[in-house]
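Below you'll find a set of structures to go through.
Common to both upcoming complexes is chain A, partnered first by chain B, then by chain C.
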Partner chain A sequence: MGLAQNIVFGLVTGSYIAIAAIGFTLIYGIVDMINFAYGEYLTIGAFVGFLAAGLLPLPAAVLVAMVGGGVVSLALAWLFFTPINETGPVPMLLTSIGLGLVLRNVIRIFAGGSARYYDTTTETFRTQGIPEVPVGSFDLVGDVYVTSEHLVVVGCAVAVFLVIHGLLTRTDVGIAMRAMGDSEDLARVRGIDTQFIRNSVWILAGVLAGLAGVLVGIQTNVNVTTGYAHILQILAAAILGGAGSPYGAIAGAYVIGIVVALSTAFLPSHMTGLSSAMAFVVLVAVLLVKPSGIAGAEVREA
Partner chain B sequence: MVQRNTSSVGRRTFLKLTGGAGLAATAGCLGLGGDGDGGPIVFGQPASVTGDWDFLQPGVSQATDVALDHINEAGGPLGRELQVERRDTTVDPQEARTVTQQLIENDDAVAILGLFSSEINPLWDFIQEQETPVVTPWPGSSFLDTRGGDMGTPDDVSDDEWVWRTVIGDTVHTSGAAFRALDQGHDTLGIINGTAEGARSWVEGFRTAYEANGGTVATQIEVNLGESSYQSALERLFNEDFSAFAVSMPLESATTLMSDWADGGYGRQPILSDPLAQNDLAEQVGSDLNGAWAASPGQAGPSFDSFVETYEEGGDAELNGWTPPAWDAMNVTALAVHRAGEATPEAVQRNLGPVSRGPGTEVTTFEEGMNALDDGDEINYQGAATPTTFTDFGNVLGPVVVSEAQDGEFSELEVIPAEDLTDFVPEGEY
Partner chain C sequence: MSVADRLPEGDAERAALLGLGLIAFALAFAASPLTAIIPTGLSVFFEVGVLFVVYGILVLGLDLQYGHTGLVNFGHVVFFAVGGYTVAILAAQNSFSGTSLGYPWPLALVAGVITAGVVGAIVGATSLRLRDDFLAIATLAAAEIFHSVTVNVQGIFGGSTGILSIPRPIRTAAGDYDTMMIVTLVLFSGLTALTYAGLTRLTDAPYGRVLRAIRADELVTRSVGKSVFTYKMQAFVYGAALAGFAGGIFALYNGALSPEFFTIQVTVTVWIGMLLGGASNHRAVLGGLAVIMGLRLFSRFANDAVPVTATEFASLRLIAIGMILVLVIRYRPAGIWGDPDELGVDS
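Then we have the complex of A and B:
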């Protein structure tokens, strides 16, 4: 059993989570709400991508899913969240829980409970000749393999990180987002159209959810719980990284991905079912030591 | 005085009439009319319309519906219309508890024709309290091996445990899987299973039979359901030395796991739990799955061929291992109502044994059984999945079918007769 191979698996899992966690944490930092319906945004993206993939090549279907995710996210925000912007984070949190439940059941009514599968093929690439460095029954290095799916997921994640970094540091909208994240009142005083920025954040979060939904759908399947099954990991990554910080969310996602992979590899065999729970053990431990999370944003304000 | 008296009597009369009418109306609403005298008889069907096991429900629903049509076309039990109320439990024990209560109390169901192992085991005491027979095509759990049925004393319900299953238990077909694994020379195995009760139960039965007959389990890995990747778990599993590995989890998670297995090129012989003998799995994983096999409850009861003919007229749902048992559950329960002469839960419970295990005329449909009973004969229902001869614990025995994946679909490879598995399933313990 190779440590290096498990780190590869952890990086792939972390990449799915990171893409979604960026969207989730942007909503938290700028709109000031924890959006529990965000898992359903992934599900919607996965379904839109699946339908589009029946008509278009997969890369085009991914773009359709991202656009669809953005449009749906903005529409849902206008219908359910913008009208209660001023009520504070708790009513918005409760609204999002209710919205998530409704969306899940609406999807179930229209799509049914069965799973759908993207028609993809996977190639596997293996290294050869990397020496093993055994420690007990484990190898620290050794040969590893990656699949074309792994490369696509990690590649998409890296592209998203670069685009988000460019957006937040090089564009007026991105700089305004950061300003709003620090203080909405001061941003408004400085002439920033805060509602426009909120709308931009909803669209961006929806686009990222659409992409993450398709990637998860390709790896597993598309069903009514595709996104809901991952919402706790996304939430944990965002909080671990420092809620509101996209860079922290990326770091948090990879910590969680790697902890889950290594827990599966190294926990006693009768405890491997607890590997997902280990991510939350790490979350609790980090918050006890550093309540503001990895990137330093204060969580307890929520 | 007279006036007062008259007035008083009038008010009392009015109150009595109003109260009586109200009570009658309430009783009607609540269904306190007992088994009625000509109204429809209701069977309740808790179902997996959604959830991890929803892919199995279409076949079971179709079998139930065609059985219902045939029973009603024959005149219905006691000459009354039979209805089936189907409610979704998502195979969640808490939801199953609510649904079962609704079916019994709101829908007046005289029998419950459903519930999975994952629901029955945690709700065992609750089910006993309902004192309504559960005749289910679903559960394989070894928990039921020595629980349920009428203990061989149909007239005495005091020792009854109210659960009957028309599908052979995991103990039988997991024994079949263990028997075949050993027969193929796989002396050491790895096991990977999900955390669901049904998945664990399959592994428990398989592992017990395998180890009791000389096999060795190198390692067993348990994983959460619905994960986006099982590669770490597979990497760990295949770090051990074995020639074959057993997989037990619901279809969607198993598809992810087996796709990861194929991508990782881990090889070795896959042995699948019976719910995984689905063409969807073979199609999604592709040719890497060729040669994987599963041992499932046999679909070779005495009336299987005529059942299939009828079933195919009812729709195009894929026939699975739980489909013929669903047909048997409907027929044997309807016959129990007819033999009882009344439609109450206790009467059904008293008659399930006699219509299935008696020495009477062998019948394969409700109509045949109804006519024989009307002629004063005793009957023995011969089912589609198995002979439906209930043991004292409400279980049935039957052959085990081995199916193998080849080029995107599963096909029958061999049948292991029930007699070959007697070493694995001792008499009196099933």
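Then we have the complex of A and C:
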């Protein structure tokens, strides 16, 4: 497989990571917590979508998964995170780690360990006759194929980016979210109902997680670790982009997606399992060189 | 004058005496031709007990980092794993997977401690300047990277099979299995007691006060002329080296290592033990860990009593552990025996 094909895979991976990373980074920016249970939100979305897809056509099932994700996210926030909002980032991070453990195992009890597959029909589009430019055993260009699933994932991601951009710049709620991300106290002084905005962020993040979960499920499969397997990539993308910045998270997600895809291609075949660790190597490198990420916020304290 | 009057006053001295006593007893018992038999059904107590004292060293090191210095290290298992794997690779003889070099085990144990300390220094140098929650993520990432390296690099770490035929000096000295379990438990308890004694001396000294000052307010500590980063780094490396030691003795006790012994579960277990007991209090963290390990012991028996499969039961246990973490943070942020004023939390 050529470089071009791996870039395509990277863009597809980057797309669903980006959707999830936006939700993750919004929670980080506005609720001021790293939500380690966020991967489980994806898993829940994937399962809700899978169950709904048994009864409804797929687009409707996606909507059900998004609504389900939003409801679950708000309910979990109300039960676990809102009561300890004032305790600071570390207790909230630890709570989310505990919650993630609980959710993952509740899902495991109900769903077992087996994988389920969305019933989708795919079409494949191929290019023909692009010349190969081999370097050693690796091909610098090569033929490219794109499946309809790839196009759906990337299309959804672009649609999400446009909607989020519109929401954050054109609506009162979105502008209030950005204000709260800058300074919660000043936002409150200006009469913004901060708890309402927090709840909106939880719903929005849940909706995005639901969508991302279904897309991951379509691309691979639905099982109990669907979301957990991606949480570290999502986190890496969000931090890479500058925690709290949705636009940075999008850029970070594509960097992570392409790094993972290329390292899968370059690593020797018995070490391909290391490709997801590459996301961390990138993350650690970023934290060392420019901890504020591509777009911004300061995370270094001394 | 009775014996009790001649016992030293301080907590640290008593623990040191207890530790040396236990170690001497264990060594004498192992060297003697005496053997012991553990009644059937009770051996599980010894297995969990050994795990408890090994994790005890982990939790004491972690408490030095988090409880005293305020460093949110959520990748503690990586140092445990580095220590364990270093000992395994150096000391194992002709393991059919992974690398085994066959050096004498005491040398390997020393190397394990040093390697874990060095890895701690590298992780610390790169991430100790980050904000608390990002430090947690960076250390967690380090642990995940190392875990996936051990699973994927078969030539060195043996992949998911791990490394086998690590020498088991206690087994050799003790003879049969039951005697070995008893000797191991007593010997490791002694080592944990010595760790406790050493750390208590350290944290009762002015040095410990500086660490707690850093946790309370870094800026103030720096303004009175203390090099905050140096202290943080030292606390981090001490904790890492202790975890490496725990990993090393675990390898020498178990005789085989595989990545499944070093999952994030270990980190979560020691963290919950520490928070449940009450961070920044050496006795409390051991108490909290005892509660968690007691739960594990209880769950081994409870599984026979309820009609669910072992996998489902494992999930139920993890749900319980996760809920304990959530509830402790919410309702007893200072832990059961912790001091809320000392920790600066509301409860």
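Brief remarks on what is shown
In this section, the second predicted complex is superposed on the first by the 278 of 302 C-alpha atoms of A that agree within 3 Å, B and C clash if a C-alpha of one lies under 4 Å from a C-alpha of the other, contacts with A are read in each partner's own complex, and residues count from 1 in each chain.
The rule we apply is simple: a residue touches a chain if its C-beta (ideal position, glycine included) is under 8 Å from a C-beta of that chain, and two chains touch if they have at least 3 such contacts.
Quantities reported herein were computed from a predicted structural model and do not represent experimental measurements.
In the superposition on chain A, contact of A:A115 is made with chain B only, not with chain C. With both structures placed on the common chain, the touch criterion links A:F80 to chain C but leaves chain B unconnected.
Legend: residue contacts after superposition of the two complexes on their common chain; A:Y145 is shown touching chain B, with no touch to chain C.
Of the two partner chains, chain B is the only one touched by A:T220; chain C is not. By the touch criterion defined above, A:P89 reaches chain C but does not reach chain B.
Using the contact criterion defined above for the overlaid structures, shared-chain residue A:I97 touches chain C, although it does not reach chain B. In the superposition on chain A, A:Q195 makes contact with neither chain B nor chain C.
Of the two partner chains, chain B is the only one touched by A:V260; chain C is not. In the superposition on chain A, the residues of chain A touched by chain B in one structure and by chain C in the other are 108, 113, 270, 272-273, 276.
The residues of chain A lying in touch with chain B in their complex are 1-2, 5-6, 9-10, 12-13, 16, 108, 112-115, 117, 122, 124, 126, 137, 145, 147, 149, 216, 219-221, 223-225, 229-230, 260-262, 264-265, 269-270, 272-273, 275-276. Against chain A, in their complex, chain B makes its touches with residues 49-51, 54-55, 195, 219-224, 226-229, 231-233, 235-236, 239, 251-252, 255-256, 259, 263-265, 284.
Taken in their complex, chain C has these residues touching chain A: 72, 74, 126-127, 129-134, 136-138, 141-142, 144-145, 148-149, 151-154, 218, 222, 228-229, 268, 271-272, 275, 311-312, 315-316, 318-319, 321-326, 329-330, 333, 345-346.
In the complex of the two chains, the chain A residues touching chain C come out as 33-34, 80, 83-84, 87, 89-91, 93-95, 97-102, 104-106, 108-109, 113, 232, 235-236, 239, 243, 270-274, 276-277, 280-281, 283-284, 287-288, 291, 299-302.
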